[in-house]
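You will see two complexes here that share chain A, one where it goes with chain B and one where it goes with chain C.
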Partner chain A sequence: MELRLEHVGHIYNPGTTYERRALDDVCMTIGNGEFIGLIGHTGSGKSTLVQHLNGLLLPSEGKIYADGEDISAEGYPLRKLRFRVGLVFQYPEYQLFESDVLKDISFGPKNQGLNPEEAIQRAREAMRSVGLDESYETRSPFELSGGQKRRAAIAGILAMNPEILVLDEPTAGMDPGGRTEILQLLKKLQEERGITILLVSHSMEDVADYTDRIIVMEEGKILWDEKPSKIFSRIKELEKISLAAPQVSYVMAALHESGWDVDPSVTTIDQAADEIEAQVRKRQAAAGHAAAQVE
Partner chain B sequence: MLREITLGQYYPGTSILHRLDPRVKLTGTLVFIVSLFAFSSVSSYLAATAALIVMIVISEVPPGFMLRGLRTIFLLMLITALFNMFLTPGDPIVKVWKLQITREGVEMAIHMAFRLSYLIIGSSIMTLTTTPNQLTDGLETGLHWMNRIHVPVHEIAMMMSIALRFIPILMEETNRIMSAQISRGADFESGGPIRKAKSLIPLLIPLFVSAFRRANDLALAMEARGYHGGDGRTKMKPLIYKKRDRVAYLIIAGYAIVMFLMWKYGKIKLPFLP
Partner chain C sequence: MDRDKIIEGSGLSYHYTIYDDEGKPAAEQAALDGVDLHVEKGQFIAILGHNGSGKSTLARHLNALLTPDEGTLYVNGYDTRDAQYLLKIRQSAGMVFQNPDNQIIGSVVEEDVGFGPENMGLPTKMIWERVEKALKAVGMWKRRGDSPARLSGGQKQRVAIAGVIAMRPRCIVLDEPTAMLDPGGRKEVLQTIRELNEKEKITIILITHYMEEVTSADQVFVMDHGKIVMSGSPRQIFSKVEELQSYRMDVPQATLLAWKLKQRGLNLPDGILSVEELVDALNQL
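Moving on, here comes the complex of A and B:
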């Protein structure tokens, strides 16, 4: 499915002393199996924006079209939209409530109107895809570890078979091992099932390695919507809005400035290592050549 | 809807009312409420109205803010007034079928409407100009003598301030969990009362779990800082009466005397009733 946002604005508590503009003229289209990163520092409007994507909030200005249909239109089935655009909130483990993990994960499919067996079937599939084996099915969600709880919560959304999966800082408060596992899981979902992933984060390292496209937000506006390599070549501008490029970008930019012929737009550590190795080899070869000539 | 209740909401400011000792404000509010219910002549209402208007003006809180609190209890006031009108025995003025409106009933209804709205406005003035912390501080210091009759004043005050502090946090949490469950297709609105009650389970369980988690964290944090109840505990900002507080007490006493005298000597019947 395709979500198209046209000049979307959102104002909280309009007409009161607490009036606050959270989104301003946001235009974007998502939904063809991409892995998208949405970054911006706290208060830039990221969370408000993602709540528009499944109709939890409706735009105060502008329109949102889901497969061409205006979601603010009267009688639009917002509940159906919520099954197609899965939204995983920050700290999703705090929304677990059932007596066992399997029941909790099947809450979404049941709400979709599937019969109990189908719902359980979906829940089992979702559990497998987040890496929780059968032994967890009958355990209480409250006795799981933090990382397992989070996987169970993500599975709860996955079980609804969404076409677009939006995650608000899914790795917040997790250790590096847990972060990588969650991010790799998302990458796998995108590649194998063609789900569009929108990952909200303020960690550049997270988004750099996995995304095809990055949207940067600042004060409720979309600042850039480009490929990662292009975004991270804007080191100075990113710092101005208190964001930082991945550390690799800094290393590469510094090397480039001091005369090494490396590509400064490289974004992942692996690519950077290859670049540097190639350059070192080249210099060694040149040095060897020069030495040979002197002899 | 809950967001509209001004009772218990603080409006930041630096007016003289904001700076008064909370004990003075508590006493003043208490005296005001007693005066409303004890004396009921027209002149005493006029005096109470004058006192309220003066307080609203010097509190520097927008009057609309105070009146907003009234909106939420409007229904309660309406029901009270209706019950009073129809159920007070006395001289009937209007008779419809088996129901009758009595003169005493109308008088009572008017009294109650005034009393309730003044009660709300009066206590709103206090809560709008006093932070919850100051309020519990004032209660704790003001009721300290009850320790002697084994009332755990400090603990009660502590519980009150923690409870007050947690209201906005739990409200936010409720909103968040609700949004999260709606995203999973939960439906909190349709269906009969039983289905509706059942649909609250996915909201209430995570809410309770999180309340207990927060309570645990808070208890741990308090113990880690050596909290062990009220014995021998000193305050960073002890409440000390200043000159303005003494003047305020005098004004409150003056108000009480005026109200008493009006009640004793200035009885005027409600002019617009036969």
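Moving on, here comes the complex of A and C:
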């Protein structure tokens, strides 16, 4: 599915002394199976924006179209939109509540109106895709480890078969191993099931490693909406708005500045290793050639 | 007892009890298993370890929120099992947690920071002196009259740190203080921590999942299954990339890039810790 935001603005508590503009003239289109990163400092409007994507908040200004239909229009089935666009909040494990894992995960599909067998079926599929095997079905969600709880919470959203999956800092507070597991799960969902992923993150490394497109927010506006290589070549500008680039970008920029013929827009470790190795070999070959000539 | 040591833990073990449906104890789970931890005054210590490895349980022992089932722990010379020292221990070792919103209680920044010293029963004049010094130390003096709600995540966390240092602890234990912050906020908090260590000589014990935050520590401990499984300088620790990965840990990107290049036959030193070190080493090839 395709979500199109046209000049969306959002104002909290309009007409009161607490009035505050959180979104300002936001235009973007998401969908079609992309893996998108959403970055911005605390308070830049990311969370307000993601709550618009499944109609939890409706725009104060502008329009949002889901497959061409205005979601603010009277009679628009917002309930259905919420199943099509799954939202995983921060620390989603705090929202686990059922007595066992399978019941918890099948809660969503049951709510969607599926009969109990279908709901269980969906829950089982979702458990498999997040890597929780049958032995977890009857366990209490509260017995799981931190990483397992978070995967169970994501499975609860997946069981509703969303076409777009929005996750607000799904790896906050997780160890590096757990972070990698969650991110690879998201990548797999995107590649194998064509689900569009929108990842809100404060980890520039994660966003650089996994996304095809990055949206940068600042003061409720979209500042940039470009490929990671483009975004992370603006190191100075990112730092000004309390963001950064992955360490790799700093390495490549510094090498480029000291005269290395490497691509400064490289954002992942493997690409950087390739670039640097090729340069070193070239220099060594040239040096060897020069030495041979002297001899 | 060693006067230069702020933390002296020997053979620390701690078990959590798991209860069954009827509320009867069903099983015991070791969260700490024979941990020895010795920290000298003024050191900057970092503790790494995956979720559930025992880091936070250890941190909660350092200000006697928990006391060991076995072994002994002295904080600033006080035995944590002895209840009469509880206040002394909490004044010696302050704690800063992950979520700044759960730690700030005042409606104005300076009031929040004054809460601790006020609770200690200090005279008003002394409270204000401490508040001023603490807020200046974290670079938040200018925002003293603001509501904490108006601050960014990094600023709130700095106020939480000021609230701890206003109690003049010898040691601050920070349990993932940057987990919820944006990159700018992380940088602010890290810089504040480093300055407190260097200028005020406060002992720092930092628990984190961000590898690049521990590169300036004096010593790094890695925990797994309630035990300390690796310890050493950041350079020693981060030269063991594969061993770290086996404990679900990682290394800073610059370190990983250097390690990969070394594997491809480039002549780089072990345990490169920062962007600057890597760029220098490459420029010397």
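To be clear about the criterion, the second predicted complex is superposed on the first by the 295 of 295 C-alpha atoms of A that agree within 3 Å, B and C clash if a C-alpha of one lies under 4 Å from a C-alpha of the other, contacts with A are read in each partner's own complex, and residues count from 1 in each chain.
Definition applied: a contact is a pair of C-beta atoms (placed from the backbone, for glycine too) under 8 Å apart; a residue touches a chain by one contact, two chains touch by 3 or more.
Predicted model, so just to flag it, every value in this text is computed and none were measured.
A.B. asks: When both complexes are superposed, which of chain B and chain C contacts more residues belonging to chain A?
C.D. replies: The larger set of chain A residues in touch belongs to C.
A.B. asks: Is A:I157 in contact with chain B, with chain C, with both, or with neither (first, second, both, neither)?
C.D. replies: first
A.B. asks: Should A:G131 be classified as contacting the first partner (chain B), the second (chain C), both, or neither?
C.D. replies: neither
A.B. asks: For A:G33, using the defined touch cut-off, is the partner it touches chain B, chain C, both, or neither? Pick first, second, both or neither.
C.D. replies: Touch status of A:G33: no partner.
A.B. asks: Applying the document's definition of touch, where does A:F89 land relative to chain B and chain C: first, second, both, or neither?
C.D. replies: First partner only, chain B.
A.B. asks: Looking at the overlay, what does A:H202 touch: chain B (first), chain C (second), both, or neither?
C.D. replies: second
A.B. asks: On chain A, which stretch or stretches are contacted by chain B in one complex as well as by chain C in the other?
C.D. replies: Touching chain B in the first complex and chain C in the second, no residue of chain A appears in both lists.
A.B. asks: Spell out the residues on chain A that touch chain B in their complex, using ranges where they run on.
C.D. replies: Counting only chain A, the residues touching chain B are 51, 54, 56, 79, 82-83, 86-87, 89, 92, 94-97, 107-108, 111-112, 142, 156-157, 160.
A.B. asks: List the residues on chain B that touch chain A in their complex, please.
C.D. replies: Per the touch definition, chain B meets chain A at residues 173, 176-177, 179-187, 201-202, 205-206, 209-210.
A.B. asks: Would you pull the chain C residues touching chain A in the complex into a rising list?
C.D. replies: 49-53, 98, 152-154, 176, 179-187, 209, 211-212, 248-250, 252-254, 256-257, 260-261, 264, 266, 275-276, 278-279, 282-283, 285
A.B. asks: Which part of chain A faces chain C closely enough to touch in the complex?
C.D. replies: By the definition above, chain A touches chain C via 40-43, 145-147, 169, 172-179, 202, 204-205, 239, 241-244, 246-248, 250-251, 254-255, 258, 260, 269-270, 272-273, 276-277, 280, 283.
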